[in-house]
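My questions will all concern the structure given below.
Every chain is named by a letter (A, B and C) in the order it is written, and numbering of its residues begins at 1.
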Amino acid sequence: MFLKNAWYVAGWDTEIHADTLLARRLLGEDLVLFRGENGLFVALEDRCCHRLAPLSKGQREGNNVRCMYHGLVFDGSGRCVEVPGQDRIPERLCVRSYPVVERDHLIWVWMGRPELATPDTIHDTHWHDCPGWQAERGGYIHYESNVQLIADNLLDFSHLGFVHNRSIGTRKQGNVRPDVDFADESVAVRFTTLDSPPPPFVRELSTLPESVDRFNYYVWHIRGNYFVQDSVVAPVGGGYDSTDPTTVKLHTFIALTPRDEHTTHYFWSTAHNEFCSSAQELTSKLTVQVARAFQEDREIIEAQQRSINAAPDAPMGAIAADGTLLRVRRMLDVMLGREAQESPASAVQPGVPA
Amino acid sequence: MFLKNAWYVAGWDTEIHADTLLARRLLGEDLVLFRGENGLFVALEDRCCHRLAPLSKGQREGNNVRCMYHGLVFDGSGRCVEVPGQDRIPERLCVRSYPVVERDHLIWVWMGRPELATPDTIHDTHWHDCPGWQAERGGYIHYESNVQLIADNLLDFSHLGFVHNRSIGTRKQGNVRPDVDFADESVAVRFTTLDSPPPPFVRELSTLPESVDRFNYYVWHIRGNYFVQDSVVAPVGGGYDSTDPTTVKLHTFIALTPRDEHTTHYFWSTAHNEFCSSAQELTSKLTVQVARAFQEDREIIEAQQRSINAAPDAPMGAIAADGTLLRVRRMLDVMLGREAQESPASAVQPGVPA
Amino acid sequence: MFLKNAWYVAGWDTEIHADTLLARRLLGEDLVLFRGENGLFVALEDRCCHRLAPLSKGQREGNNVRCMYHGLVFDGSGRCVEVPGQDRIPERLCVRSYPVVERDHLIWVWMGRPELATPDTIHDTHWHDCPGWQAERGGYIHYESNVQLIADNLLDFSHLGFVHNRSIGTRKQGNVRPDVDFADESVAVRFTTLDSPPPPFVRELSTLPESVDRFNYYVWHIRGNYFVQDSVVAPVGGGYDSTDPTTVKLHTFIALTPRDEHTTHYFWSTAHNEFCSSAQELTSKLTVQVARAFQEDREIIEAQQRSINAAPDAPMGAIAADGTLLRVRRMLDVMLGREAQESPASAVQPGVPA
């Protein structure tokens, strides 16, 4: 059901302090995440191979973790390095270890075959921490829904006209037809709303006139389930590259990591250019507005999920706007099929360290 | 499991105000109920045929409802009349519509084949709003039990001697043998308790003497699951038609609408003649007493349901008093069998407007 | 899954006052426990054989219990002795009765074939109420876990070094190798920790020196799932029979009664000799310490159970310390197999009084 050979966002670096053992379920698997004394992150199966107690109830010791039921110690590769009262430690005593990388304040974990993990393919989100951009990181929403319903939502911006018509959207956006370009494992969408009133949040935060052009250009990455958007609100005629000083430019990052079949982690951040002087205050205000809009999404999507649960066989009737998301689902199916052929289920062995 | 071709009470008219979209599950199906600008009630499947979001999270527009996910609009017949950004609307875009009638402040919905819906068979409950009677309408209890256990309760009044011996019943009623008349799809019960102390609630509310005759005459309607009772508490010897001014006369209406297999809607009202001067105050006091008794029923029936859930195969041992309810169950089985023959499951098509 | 032919602790005598009808689930069966006017305890199936309402929602009348739905009365043998409004009572109207014995303030119930119940095999716990010992009785913990995980915990005291290293254990105990003697249906463990610091709780309560010998001698009884421990903390060299007046001697009793497959009743008591003058105060303090340690167990075991539920097929990897608990599981399997042969399921008939 989920692509395994992918880097998934597992958390924000700020979630893990000195001794933290962070328990997190990803793709239906229970992991414990921590940072060793050497500063490196570790991601292990959160289940002691002895009596299956969670390692996240244990304690960090140096670069290792000790299960606090019977005292077994595991290193970052998942190998058991101590059994109290026992000299010889059999090799089979180990837990699964996952490749893990911290990049731009995000913790990415590779959920598939370790030998395929390639840290250089991790997406660049440098605006989380660079000059010229003000970023609010650390956004998190727990979703009581399958990941696909949320991806569908991001892939059809016509919902801005209805779900968000009191926050970041305007009714006119319900009728916009986007430009869409498909690549191998991603889709680029250009959603343009010309000469129309600014959305409520822009009206509140900026000095833009009563009619604006709006550009939502985003890419959805199927492998890893993340969304990267450049959006611009400019005076009419200024275009996507508008240099008018009142122009609002935003980067939005959203990573959807399946918690399991029924629930999803939604990690997000926003960054903006310095379109007004009191940037810090603006960042907070903007984040409040975006966070509200994301909650609007969550409400309708969780309601949709409950509705589907109540009638699992109810068919969905396609409309013209569904073209993109339907094609993305077919692309995902192809990628899943290819992965199943290349990486038979038996290739990933829980309990065998990387 | 449930008769489909029947009018079921779906709610009280007071539950639906100007813009209300009332979500209600009936017989395992999710409906949205609203009143159009034209004053007519509408009952639709509560699941947009596009992406299955609940219509009850949308908004009423005139006589229609708009899904507030992607903006589709449906009229009262369930037909989609608007898809934002799309000119042609295929006929298959529709949701199921249910016949609905408001009568005497109750909203009745027909859950079966629409062509069989006959509003003239809806039960007359004119005392909800007529001279000579004071009524408290709007009673509602959510039951965590199957509908049948509640029907059984109403069909055997010997429980008044035990469940209600501190409210509306007296111990003597535990031994009463009722007169029972069966009709095609209903049963009429005359439960008479002569020359005995009045129940606690009558003692509190009326000036009747310390010994009274009590007549509980009720009809249980199998199709639609409702109960209509005339009850009289009169001075000894006055009889059911007693004209003594201290006589207490009540109408009780209870409609049991299955929410699903496990839960039930219990709608109820009480009305009484003007047996004392301060009628309004009396109505409220009486309603409090009756409501308390209905909660006594709920407590024992929900406990019974939990007990059955814990031991689904435990047999029930019949006693003499069970004759009526056992025969009613057999009548229901016959009616269900007849409906299954006449209306094969395929005859009712979700997603096809009436 | 559970041995039926065994005495299980069902509760403490103090849980049942004059009119109490105590509902308690044991081994997946719902029982009602009460004490008749004659002072004798009664244990019946908590499900009226008429309409399956719980008898525990009824009322005690003399030595009997009346169902407060339709008024049937059952005596201590489970026979129905009254049906309101009906003269003849068929023999089939009865509920199952369980042998029950009160002994040393504990209520023991026999869950298997009544003819095999032998009260003389009930374990002696006289220290609950005898000279020379101060006891705190009445301990109870509800566990959200299968009984076996708790039994495993009690059978491997090496967890004292980790789970309890801030309460009743010391790290050194993680490495102790116990002496173990197996009998037919029990196992005796001698867990000895010589010349080491006293555990935190002893340090707080006694005047023992900074180095002590510690003896945890306990027997686990497979039939009935209970644990009886004599433990001694003595000055170094004093031995298990130390007569030094600072020696701390404790009796601990723990009975694990399966509530069902997923939950467990944990009844416990502690008793101690008079090792200091203010015995009553000490008893309370000691009990607080022990209770805290038992909560430490509950936390790790419930976490372990959740972890197992999340990955039911995850294998457990044995370490050297697991020898005892693995052998006990095999002994239990043999006993279960023998019981299945001797007492086919049909031999215990719910609804047939003993």
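In this text, contacts are C-beta pairs under 8 Å (C-beta built on N, C-alpha and C of every residue); 3 or more make two chains touch, one makes a residue touch a chain.
What you are looking at is a predicted structure, and each value in this text was computed from that prediction instead of being measured.
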**Request:** Specify, for the interface formed by the sequence copies chain A and chain B, whether it is same or different in terms of residue numbers shared by both sides, with half as the dividing line.
**Result:** different
**Prompt:** To bring chain B onto chain C by a C-alpha fit, how many degrees must it turn, rounded to the nearest 5?
**Reply:** 120
**Prompt:** At what distance in angstrom does the C-alpha mean of chain B lie from that of chain A?
**Reply:** 48
**Request:** List, in ascending order, every residue of chain A touching at least 2 other chains.
**Result:** none
**Message:** Quick check on the complex: what are the chain B residues that touch chain A?
**Reply:** 25, 30, 46-47, 49-54, 57, 66-72, 83-86, 90, 92-93, 350-351
**Message:** Taking the touch rule as given, give the residues of chain A at its contact with chain B in the complex, in rising order.
**Reply:** 152, 156, 158-159, 161-163, 174-177, 299-300, 303-304, 306-308, 310-311, 314-321
